[in-house]
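Read through the structures below before going on.
Both of the next two complexes hold chain A, though its partner changes from chain B to chain C.
For the complex of A and B:
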């Protein structure tokens, strides 16, 4: 059989297969799903941050024509569903029964014939509240007299959630005591929100005849969600099917299970009709997984310009329920990767979490479990140290980098960095930027009274969880899976346990199979998201699809290739040891013309097998990675500040990324540019904040500002490539690198413009009013 | 917000993607819901409640409008174009082709609105500068791409359209 298409495996910027439907408006997102007899659910949310619920009267709502049911916490409690477990081992109210604990908390749900009627009926539910004082910061939460938020929890006497630490306290104290310079930085990484363009939602369809629950939902982790549904709702797991259709962006927001999903499923079960719940934007911003909200203090010990120790204190604002999405044993995610890209022999990280009257969530917004906060802190701290020591910030970094020959490198807090050449990436970024000339330009500009800033950040990320021994989600080991079925005619279906939200898996994973088996990527259909139809996996977040599921796809291809070898030997009538593989075919060693293609072999696998070999060319592999992967990069930003208004404009943005081997470079660069933009949004404008009463400010896109094409910088990308030594393809994962690394680069650039006047910190988002105040304070405002 | 106790409807006639549609619609029905639910044209998306994101953009008599902030009845007698109306018999037109070729989309949620806004720009300005493009699409939010490839896609479409004309 002839090979119809070019194979195009690794390194080809082939166009994405998924585009064909998206450019025609034929994507299939949850909101597009409509089932016969489907009802619509809308949630009533609390207008206040902290109050006792005195009464809920639903009678007027129930009387509205078209309303089918009004669901309250009391009704949910009758089915033991008023509370659900969170991803951090806490509990969260599905519908409030006793108190509301944050503004936007779910109180009741209306199920009606249309979404318009359901929304009408929300207005007719009468809730009486007994207001309580709101706790709006973790500092306030931990004061002895603070109102107790979680009085539902037995034995919970304060708002304190956890204490957790990593590293070596004594060694770090010693380093600090012996230092010739200690540089401190206190900074707040504010609460922000992943805000994918598509909000969350589901269509729950519990079949009254069979009891089978099919739930179409915006889920980054459909298999894990199926198991959690089984555990929470007590439904038998084989009777639950989660389908995650096309997803309009996730960025961590679609990792947790939200009350809306649970109530819609319960409603469908009770009513016997499909129930659709589509969150509105305000619901999304005020109640679903937020990110960051870390108050951090770093102390860096230096001796002769070398970093010798790092002490970090963290106070985390977790909201009303501890619902961070992270492995069980790490209470502050992977925040303890605080030493970044530097060879710092001693480090100690002390973390504390507190309840406040704010939305729960703590998801990693395009980040691997809190790596972003850690990366931000060290990069801001190193920049501060350079100013305090009077050395160039790049020089200080160069002097302290983990060196290529130290790889694999064990960090002071226990991470084993797999590979990297940091100086090479840094040098490439400097070269692209023209760093030295820019420094002279900056000095000249300053003479003229203009404020230019050059900010650099160098990040090391830790992505691709597992290994399963250390990493889990709600107790489920973090492996991932790939099932490959090669059909008799040589076409294939690849089924994955992960779920793309725009990353282009249908293309990239096809290319992996193309690379491994020589089946053209067009001939490989990639399926994901349907738990009845794909092998178990933990889902897509923490840049883990390529590191884990990508490895699984490679491994299953290699297993099938070994079976193919046996079949090839049979077809060519030689011993399998006499065969050699080159992409797409086996040939007899020494006579390359005596060959069979993978397509020939596939056909034979169903038609002409050697004795004793099972039919078919299919298999599944579950991949538990031996270690995480550690992508890294050097980012550099040039800004100019307007002394009259405090506005800052990005003039240049250079980003050099090393994510190991790139499978589809076009898609990789797309991921990087998306991340650089979200990083810019976080640095410049994205903010969820609260007033003293706990009212959320940032509850619509008019307050929660997102970067548009107008402000977003132009990006100049560069690449180095040091493969991961333990990944079968050498790939490391990249989806989140740019959001992790770039905020510090933007902020460092603004600070760099003001550093000569003594400015050391402006907390994000770095808005023009904050910059103007900083200018005014040091006499630079015009 | 006042609760509507009785359903009030209005007859509506519009041309959608070249086809005349006559429906009796609830007077308060938003245009985006008319398109998505009444007509089943689900390529027009909803990303916010505040006219901020542009996911719902359609062309009303050639002008990009946010269909989440228009009542269906306000479109009476107008010509609407949605993403489903872009493709003729000859395969995807330049703008769709360009978005795919330049990787101007990832999750695809903003894409229909983004393409329609771009088409309206190219109508007015067949060879736009980067600045013009960025300004024109600044009412359409994309969370995935970082816009750079969208800008490239619009240039790509502009060039293709000139070649084709």
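For the complex of A and C:
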């Protein structure tokens, strides 16, 4: 019989099962799929940000040998597919018919025998544009004289999309009025992009004989996408099969449905052959779900050093179509987690959204629905408050933390924090860092003319959506599922409604089954991504796979364990009440030698059952969590600034995370390091910006900068573990913690080096150019 | 009224292409590929296609441009199979860098230390390791990107470009080689066969400082410095700048001010001021002109200190 250490359940850093195929080039991505008779689709994109389309002449392209079809918006309109609904209840053009509304918008598609021919044909499509002035900021968009972007929408008379608020306005105003200090911070969280290394793409294969549509696509949420395809395209849902094969990174980018998927599917339906669409890097960066683009103003009320109120005003740049991927009733996502880790009795968040001539699709770039923006604002604001009050930034945080004995804690904006010991995590980070010595070092360095900065950020996340009553995607409740089939020989297949994009589900979920049933994790195959073959689920994003699908996997294991108990009683000829479970086996109470293993029981489930019990050891569980989970962490960064060039180099980066119980600590640490790297990228270099004409700057990796191993700091990780009280394993989810928490830590470090001279804010990305100008302004530049 | 064809080229290269054609590509246009085994054979092909042909060495600039369809040559002449173009050696007190010598070859070579320190310091700062493994020094110089690093390093040291054409070989002083961004004195049917440096001087040192947003990015600012000493005073100084002009910029006034001067703080500060004055930076995504000019000053000072110390050691 396998013993616990061989089973490798919770807490074992076993190597990732999936890596064997990835590192040998044996993965199977959408681009690897090639079907007989397959055609290739390429998209023509708008070169301008805002223009009326006067004419589209496709005749030269159609005449090119090898071109099978040229699809325009007009053709899509004939099938009622020129527009599609977005995840925020708006509409988005699939192929433009009337106007183009952002640079890079999809105008037409060529379907050809090869991708080369399709690219050649794109150059032969003649489009005539009547240029319109571009709207490139939400401030400009909301001016009365601004050009109307969405003239396609009846009754839409301005570029205003929504107003939304959370919290208590009156109580907050009262707190501000009674404060002895109000600290303000205005900051812009710029537009950045998830930029997964694999761009989006699909192979759509509509069988003309059977009508079955099989769509291989880069999807983080294949089941939800199947339902949306059924609703949008009018295809019967049982005739749609979405297969999400290996995914080369998602980070939120692969949650929405993009025009390319829809056009390729329509083309396959009309032509009767499989159609492949593979997006190139520029297409990905300029047209698919970006993140952030949030103009934020925070006002923090303080009395006797205690935070008493928080008022936040937000202005969101949503691009040409309101396509944020978020639960329906939360127009600003879960931004209202903005009180963060602090006991702030009153808070009020007001937010406004505006259309601009930019790409649509505010996805959460590795963040649970705008939690990143919230975490950034409060952590920058608290740091500012410390300088304004003349107290140590750590001391101010310690004094205002929600304390462990206050848990569960209801925040001023309505979240119920379920658990946490913030001072413990903060203390561990300070200890690892040597905070007090570093402060002395900083003072000594300043005497020598060197600029050191020590930045701290303490984040509390809200992840793991749902519960389904409150949280949905396009109306679909955010539960998730697990189906476990234990075979007669004791091996098992676990089928999930979520979809890994690199998170290591095949290993982690195997370990959950190993922990719950004692089947060694190697004996569990995890299957995801094929809607014909897995139970319905809402997909992988918002750090929800382990909190929701992980719980489902635990619960189905426990249900099967109860059935196994009955079989064990039958095999051991004792009452099931006389049996005791230990990992991997039932034994008779008081005589541990009289036992049957889970493998024996599995065999009996198909060969030797007690009367009245159904055969098999299989089942499915749909888990709707009772609450969100609230991972948190303390991050600290030390930087030194070059006064001649404004460059800042990270000398230390300490990250203490509490994500509850860690199933595979190695995978968890990998997730954290990846997030810290992306957080560094966002803080230091990632930027999608636009010139006054709406031209996108940041359309290739020469302009949209991602950190390499060379730039990436060395990370020192630490851990505390307060289990989630409502998750069956105590796990909270970790995929996004570091991206959420770290940008503020990096920026706070740079500001800390300059705070003594009065510098309070440098907007991200904190480029050396911006730092040098800040240095020059306060007389610190070389 | 505008069409996809008439929307003007402005701004950054990929974006310009994008605005012209409404899409960028990862698939190059159709071209013919030639792999000659001698320079003469390569020249024949070049003559046949005129300016429709491009020479391919390491391909680290040309291939990306072709994939984006910014460049669409109808013929590629791959010189990678021609013997004798890969020499990196000192001949008569001057360094000869053959057309197929890669950045990585330079990075590893012991020749590029000491007196050739400006080159040795440049090699590991060119782009990223992948580019350095395939890209060539001569290819980079022939590409004439004003943000290229080798142009500055070689201008500071002094160098000439050796080109072979239908009428034989000629040597073009590097100062005369680049006429503007991506423009050179090379004829369509000429191939750069090597670059030959000046004699660095008996007691010499140099360095290259490069500010970049990340590894693999072009220089925001680069400063190449070469100094030779003559009885304790500065004999010859070479200073050249990257990323702050339409070509690599030789800071002649700064060089002249240093010639014959004592290598002290005042001389260094004055030269740095003059180098900053010689820069012609523009505001762009990498930073403001004012910022870049200041970095030129700071880097010239730091570079001169390093180079002088190296020459003195």
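The rule is short, and it goes like this: the second predicted complex is superposed on the first by the 777 of 782 C-alpha atoms of A that agree within 3 Å, B and C clash if a C-alpha of one lies under 4 Å from a C-alpha of the other, contacts with A are read in each partner's own complex, and residues count from 1 in each chain.
As a working rule, a residue touches a chain if its C-beta (ideal position, glycine included) is under 8 Å from a C-beta of that chain, and two chains touch if they have at least 3 such contacts.
No experiment lies behind these values; they were computed from the predicted model shown.
When both complexes are overlaid on chain A, the residue A:196 reaches chain B alone and has no touch with chain C. Looking at the shared chain after the overlay, A:708 reaches both chain B and chain C.
When the two structures are aligned on the shared chain, A:700 is found in touch with chain B and with chain C. Residue contacts after overlaying the shared chain place A:131 against chain C, while chain B stays out of touching range. With both structures placed on the common chain, the touch criterion links A:691 to chain C but leaves chain B unconnected.
Of the two partner chains placed by superposition, A:329 touches none, neither chain B nor chain C.
Contacts of A:282 after superposition on the shared chain: both chain B and chain C are touched. When the two complexes are overlaid on their common chain A, residue A:116 makes contact with chain B and with chain C alike. With both structures placed on the common chain, the touch criterion links A:768 to chain C but leaves chain B unconnected.
In the superposition on chain A, the residues of chain A touched by chain B in one structure and by chain C in the other are 116, 120, 123, 280-282, 700, 702, 706, 708, 710.
The touching residues of chain A, counted against chain B in their complex, run 15-16, 18-27, 29, 31-32, 34, 64, 116, 120-121, 123-124, 195-199, 246-249, 251, 280-282, 501-504, 666-667, 669-671, 673-678, 700-702, 706, 708-710, 712, 714-715. Contact residues on chain B toward chain A in their complex (touch as defined above): 1, 3-5, 26, 28-29, 36-37, 41-50, 52-53, 55, 82-84, 86-87, 92, 96-97, 99-101, 103, 105-112, 115, 130, 133-135, 137-151. The residues of chain A lying in touch with chain C in their complex are 42-48, 51, 54, 103, 107, 115-116, 119-120, 122-123, 125-131, 280-283, 644-647, 685, 689, 691, 695-697, 699-700, 702-703, 705-708, 710-711, 767-769, 772-773, 776, 781-782. On the side of chain C, the complex with chain A involves touching residues 1-5, 7, 11-12, 14-15, 18-27, 29-30, 68-69, 128, 211, 213-218, 220, 285-288, 291, 294-295, 298-299, 302.
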